[in-house]
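The structure that follows is given in the form of structure tokens.
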């Protein structure tokens, strides 16, 4: 069977700061596409939120990841010069810089092939709720 | 020639903490597939190990990367709440968070197209040896 | 229309340390290829520079990202053992370790599909100007 591709934009509403799991949201979009095998690229169209694949079993792991990102790239660092968009903006860019703009996940038997404890997260780095746009691009058969 | 794809799971045994080069292991799998040109995605199915492409010439560079990851995400940080799985577990998630779940490498002339000093590493962030599963997905011709 | 692929090496001259935007350079290469829809992978063939997709509107954001990378992975850390290639070499590997070797960008209507404020950056982590090689691999139709 020849390879084909599919591309769509997904809109995701975030409640504000934190790692928000979107595995089910993306899995649902994949399920209707009818790819038995392939590869999915999920790309974040923003620079103050990002993606990560991380443990989704224990909420304490997610909590500690959020705290750690806040520690390595804190708000109100006196060295910041990019402050016009609020105290949470520059930390948002830095936290996005070291996580992912695109995550790539294989598809097998029509489903995302993730490890037992893996979930896909949209990391919202701004304090307020946002509507975020992700591109889902699948190549497969 | 029409594009085709290949997908397989690779099992890699790690000796415990550290950056372990797997370039030859992946190159060997690629070599038998007969893709002249394409793109390979290598995806880690775990959240306490990760991937990186880094210098493979001088072991001191690898040593310093390991030390630095241990410094920015140390064991026994009193802020951690996710401690039930041992002192090396939460640091493992954090070190995985800022390195890669998937690395993407072009294929040219049937081989991984890497720079002179580049090697692919499986970064084992847990202290004990583990058997890790990676998905190799290739699209090409 | 069947899927096809294209692969080429791009050479980019950097003026030395800093985040240098290459969106226009890559967009120009994409434009002539005639892909209506697809996915582009841009891969850095070096371990002392890297890629990032980040805000390209306000130069102060770029400045703060550069300062922050210099703070989390500073020059002249007495813990470094990999020092033979100069004081900017080990920090370069560390800064590359937490940013990207490959960035993946969807193509739509023949163009890179990026968010309003997103730009692709080649992050040069060495002080001196360098000629850097990137692989552009596109799969699409």
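Quick notes on this one:
In this document, chain identifiers A, B and C correspond to the written order of the chains, with residue numbering beginning at 1 in each.
Note that contacts are C-beta pairs under 8 Å (C-beta built on N, C-alpha and C of every residue); 3 or more make two chains touch, one makes a residue touch a chain.
Predicted model only: the values in this text are computed from it and were never measured.
Residue numbering shows that chain B and chain C use the same positions for less than half of their mutual interface. On superposing C-alpha atoms, the copy chain A sits rotated by 120° relative to chain C, to the nearest 5.
Rounded to whole angstrom, the centroid-to-centroid distance between chain B and chain C, based on C-alpha atoms, equals 20 Å. Counting partner chains per residue, chain C shows two or more touched chains at residues 2-3, 72, 98, 100, 104, 139.
On the chain B side of its complex with chain A, the touching residues are 2-5, 7, 41, 43-48, 72-73, 79-82, 84, 90, 93-94, 96-98, 100-102, 104, 133, 135, 137, 139. Only residues 2-3, 37-39, 52-55, 58, 60-61, 63-65, 67-69, 71-72, 98-100, 103-106, 108, 113-115, 117-118, 139-141 of chain B touch chain C when the two sit together in their complex.
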